[in-house]
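There are structures below to look over.
Two complexes are shown next, each including chain A; its partner changes from chain B in the first to chain C in the second.
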Partner chain A sequence: MTRGDRNFIKVLGAVAVVYIGLLLAMVLANLILVANDSASAWATLTRAEIQQAIFLSLGTSLLSAVLSVWIGTGIAYLVSRQQFPGRRLVDFLMDMPIFLPPLVIGISLLILFRRTPLSMLDSAVGIAFYVPAIVLAQSIVGVAFVYRTMKATFDTISVRQERIAQSLGCSRFGAFCKVTLPQSQQGLITAAAIAWARSFGEFGPVLVFAGSIRGRTEVMPVSIYLELNSGNLSGAVIIALMMIVIAAAVLLVARVAADDRRGGGR
Partner chain B sequence: MIRWVVTSLILVAVAGALIYRAGGASLTAKPVPGLPPARIRLLCAAGLAPVMAELVGAFESNVKVDVSYKGSAQLVAEHRIAQSGDILIAADTFYHQSLIDRGLCSPAVTVAYQTPCLIIADRIAKIESPQKALTSGKFRTSIPKRDHAAIGRLVASIEGAERYDAFARQATVTRETVSQVAGDVDQGIVDIGIGWNTTALQFENAQSSEVQSWQQHRSSIGISILSSTENEDAARKFEQFLVGKVASSIWRQHGYAVDDEASAEVQP
Partner chain C sequence: MIELSQVNLRRGGFHLKNLSMKVDQVGLHLLTGQTGAGKTSIVEAIGGLHPVESGTVRLRGLDVTNASPERRCIGYLPQDVALFGHLSVRENLRFSCRARRWTPKRTKERVESLSEALGLAGLLDRYPMNLSGGQQQCVALGRALASEPDILCLDEPFAALDAQTREKLIQWFQGYVQENEVTVLAVTHQPQWLQAEARSIWNIDRQGNLGVGPSS
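Moving on to the complex of A and B:
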C-alpha cells in the first residue's frame, strides 16, 4: 500500500469516525437527559396511551412491511424483466414517495379519501383517522424503498438462468419462484428491514392522514410529538430511546438473517 | 415461494394481534351513529393537551372522547379537506372563523382565556423592559411566527406588525407553535420566548414574565360543534361539560382564566 493509499483510507476512516461519533453522541445526549429526569421518563412509559402506541407502532409497521414487500417486489420484478411502453415512467413514479415531502403524501391521501368518490369507501369502511390510514400511509412510502432495493437485486441476477428453467418446462411464475426468488433472499430481507424501519419511524403522513388521536391512531413518533407539545421532554426522549432500541434489535436480527442467507449461498 | 407466503401470513397474524392488543376492536371499528355508548372525535390545539387530557378524564359520561392534537392552523386547514370530526377547540376563536364562514362549524363558544407573556428561562433574572429585551441582541430569543401561531398574530396586533417583525428578525429562531417556543426556553436553547402564561406552567425550566401592555389582550379559547358531526347530542354534552363548574375548576388549575361570561359568550 502506497503512502497515498494509506492517506486515502485515513480520510475515509476519519469521515466514518466523525459521522458515527455524531450518531452515538446524539444517543448519549438523550441518555443523559433521561438519566437526569428518570422518574418522569419512566412514568411516561407506564402510561396506558404510550403502551398502546408501542403495540400499535409494532403492529402497523409489521403489517406495512409485509404489504410493502409483496407489492414492491412484484413491481420491481416486472420493471426489471419486462419491456413495456411507459417502463421508464413507472420507474420514475415509483421514486415519488421517496422524493415527495412526507406531509404532501399525507395531505394527498387525505384529499383522495375525503374529497373524491373514494370518500364513499372511506365512509363505509373507516380509513382516514383510523388504523387503516396508518398502514396505508406507511406502506405508500415502504413500497418505494422495497421497489428500489429489489429492482437493484433483480437487475444483478442473470436472466439466463430463468430462460434455461423455462426451456426445461418451467412457467414464468415457476422460474421466478424456483430460480430468481431463492437468489434474491438477501435482497428481500434487506428490503423488508428497510420497509419496516421506514414504516416504524413514519410521522408526517401518519399525523395528517391518520390524525394524532390518543389511544386510537397514536403511534410512537406521534407520541414523541404530543409529549414535546405538552412540555414532557424527558418523556419524549425516552420514547425516542425505546424506538432506537426496538429498531436496533429488529435490524440486527434482519442483518444476521441476511448474512446467513449469504453464507448459505456460498 | 411457499415459505415466503407462510412467513408473510404468520407476520400478518402477529401484526393483527399487536394492533388488537393496542386497542382492540375500537381501533378499526367505525362508530355507528345513534348507538350508545357514543364516541366523538375532538380536534384540539396541541398546546391545550395537558388540560384537555384532564378534562376528558373528568368527563363522566357514556361518551368516549377521542382527541386529535395538532396546531390550530393545521387542524383548521385539514378539516377543510377532511370534514370529519365532531368538535373543534382551537387556541383562539379566530381560527374558527374560516370554518364558520364556510358553514363547517357552529359559532364558537368561549370556554377559557389565556394571556400573552414572555416565557423566560429560570436562570434569567426579571426582565425590566420586555420589548427592549427582544430586540437588544443581549438575549437569545424564540419568536412564534405571526402567520402560524395564534400568539404571534395577537402580539403583532398589540405591538404592530413592523415591531413584531423586528422581534422576529432579531430572533435566534422563529417557531410555528407556542409549545415549540416554550420547549426552546425549557431546554436552554434560548433565554426568552413569547408565549401564553399557561404554556410556561407546563415547562419545568421556564417561567412566565408579565408584560404590562399585553395584559389587557386575552386570547379566547373557543369550542365549536363541527357540521360533520355524526353524534351531535354527544358533542353538545361534552360542550356543556367544558363550560360547567367541574371543567372551570380544571381550567383554572392549569392557569387559564374562566369567568362567568365565558360560558355565555358566543362569537359571531
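Moving on to the complex of A and C:
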C-alpha cells in the first residue's frame, strides 16, 4: 500500500469515526440527561397514556409495515417484470412519497378524507383523527421505501428462473412464491425493516392527519412532541431512548434474519 | 409429438424465419448447428420460455403456441442448468413433482430412484453452489425428468460431464428413453455422443435453415 493509499484510507476512517462518534454521543447525551433526572423520566414512562402510546406505536408500525410490504412488493414485481404503457410514470410516482415533505403527505390525506367524497367513508368508519389515520399516514411512505428496495431486488433476479419453474409445472403465481420470493429474502427483510422503521418514527403526517389526541392517536413520536411542549424534557428524552432501544433491537433481528448462511457452510 | 409450422422467432436483433420441423416418433432426436444459429431459441419456443412472433407450435397434436410453459407438460433442461440456488438438490429434484401435486410418497420414491441413477444420492442435502458443473448438470437432468414428462427438451445435456460419467449417463439415459417411451429433442454440439441411438438429426445453419440431415 502506497503512502497515498494509506492517507486515503485514513481520511475515510476519520470520517467514519466522526460520524459514528456523533451518533453515540447523541445517545450518551440522552442517557446523561435521563440519569440526572431519573425520577421524572421514570414517572413519565409509567403514565398510562405513555404506555398506551408505546403499544399503539408498536401495533400501528407493525401493521403498516405488513401493509407496505404487501403493496410495495406487488407493485415492484409488476413494474420490474411487465412492460405496459405508463410504466415509467408509475415508477416515478412510486418514488414521490420519499421526496415529498412529510407535512405535505399529512395535509393531503386530511384534505382527501375531509373535503372530497371520501369524507363519507371517513364519517361512516372514522378515519381522520383515529387509529386508521395513523396506519394510512405511516403506510404511504412505507410503501414507497418497500417499492424502491424490492424493485432493485427483483431487477437483479433473472426472469428465466421463473420461466424454468413454470416449465416444471408452476403457475406464474407459484413461480413467484416458490422461486422469486425466496430468492428475494434479503431484500424483503430489508424492505420490511425499513418500512417498519419509517412507520415507527413517522411524525409529520401522523400529527396532521391523526392529530395528537392523548389516549387515542398518540404514538411515541407524538408523545415526545407533547412532552416537549409541556416542558417535560427528561420525559421526552426517556421516550426517545426507548424508541432507540426498540429500533436497535428490530435492526439487529432484521440483520440476523437477512444474513444468508447458505454459503460454504452447508 | 413436436411440431413447428412456419414459426418466426426474434431475440434482440436475431431473427429466425419460417421454421418448420416435425418430430413424431418416440425416442431421441438431435438438434445441431453452429454456435449462435438459434438452437436454444428453438427449444425455448417449444417449451414456452420464448414467445413466437408467428407460426404454430404443436405438442402431442395440440396447438400450444400461446400456452404458458406449465401447460405444455414437457421436461426442459436449459444450457445454463438454471438450478434454484435457494433449494437443496433434493428440493430441486422434487420441484416439478410438487408443482404437479404428486403424493409425498410417490415424490420421495421418484427422487430416490433418480438420485440413485444419476449418482446424486450422497448430494441430496447440498446446495447447487456447492456442486461441480457436472453434478449441477446431473441435478438439472433429474429435475427435468422428475415428473415423468413424455416430451423432453434438453439443451446440451451432457456437455459439462467428464468422459467416463458421460458414457455411463448416456447409456442409462438411452435405456430410460426406450423404457418410458419418451420423445427427446436434444440440442448438442457433439452429435457423435448420441447419434448412434438418434432417430433423427436436425441441423440449423447460420442462415436459419432448419432441416433433417447431418451437422455441417
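Throughout what follows, the second predicted complex is superposed on the first by the 259 of 266 C-alpha atoms of A that agree within 3 Å, B and C clash if a C-alpha of one lies under 4 Å from a C-alpha of the other, contacts with A are read in each partner's own complex, and residues count from 1 in each chain.
Keep this in mind: contacts are C-beta pairs under 8 Å (C-beta built on N, C-alpha and C of every residue); 3 or more make two chains touch, one makes a residue touch a chain.
Worth saying up front: this structure is predicted, and the values here are computed from it rather than measured.
Q: By the touch definition at the top of the document, which applies to A:216: first (chain B), second (chain C), both, or neither?
A: first
Q: A:131 contacts which: chain B (first), chain C (second), both, neither?
A: The answer is first: A:131 touches chain B but not chain C.
Q: Can A:172 be said to touch chain B (first), chain C (second), both, or neither?
A: It touches chain C, and chain B stays clear.
Q: Between chain B and chain C, whom does A:45 touch in the aligned arrangement: first, second, both, or neither?
A: neither
Q: So, does A:152 touch the first partner chain B, the second partner chain C, both, or neither?
A: neither
Q: Of the partners chain B and chain C, which touch A:60 in the superposed model: first, second, both, neither?
A: first
Q: Looking at the overlay, what does A:244 touch: chain B (first), chain C (second), both, or neither?
A: The answer is neither, since A:244 touches no partner chain.
Q: Based on the superposed arrangement, let me know which partner A:229 touches: chain B (first), chain C (second), both, or neither?
A: It touches chain B, and chain C stays clear.
Q: Once the two complexes are aligned on chain A, which partner has more residues of chain A within touching range, chain B or chain C?
A: Tallying touched residues of chain A, the top partner is B.
Q: Which positions of chain A sit in both the chain B and the chain C interface?
A: No residue sits in both footprints.
Q: Going by the contact rule at the top, pick out the chain B residues touching chain A in the complex.
A: Those in contact with chain A are residues 1, 4, 8, 11-12, 14-23, 26-30, 41, 46-47, 49-50, 53, 66-70, 78, 81-85, 177, 179-180, 182-183, 186-187, 199, 202-204.
Q: Show which residues of chain C lie in contact with chain A when the two form their complex.
A: Against chain A, the touching part of chain C is residues 47-49, 68-70, 72-76, 78, 82, 84-87, 95-96, 99-100, 125-127, 129-130, 143-144, 146-147.
Q: Please output the residues of chain A touching chain B within their complex, sorted ascending.
A: 52-53, 55-56, 58-60, 62-63, 65-66, 69-70, 107, 110-111, 114-115, 125-126, 128-132, 177, 181, 188, 207-208, 211-217, 225-226, 228-231, 233
Q: Once bound in the complex, which stretches of chain A touch chain C?
A: Checking each residue of chain A against chain C gives 158, 160-161, 163-172, 174, 178-179, 182-183, 185, 262-264, 266.
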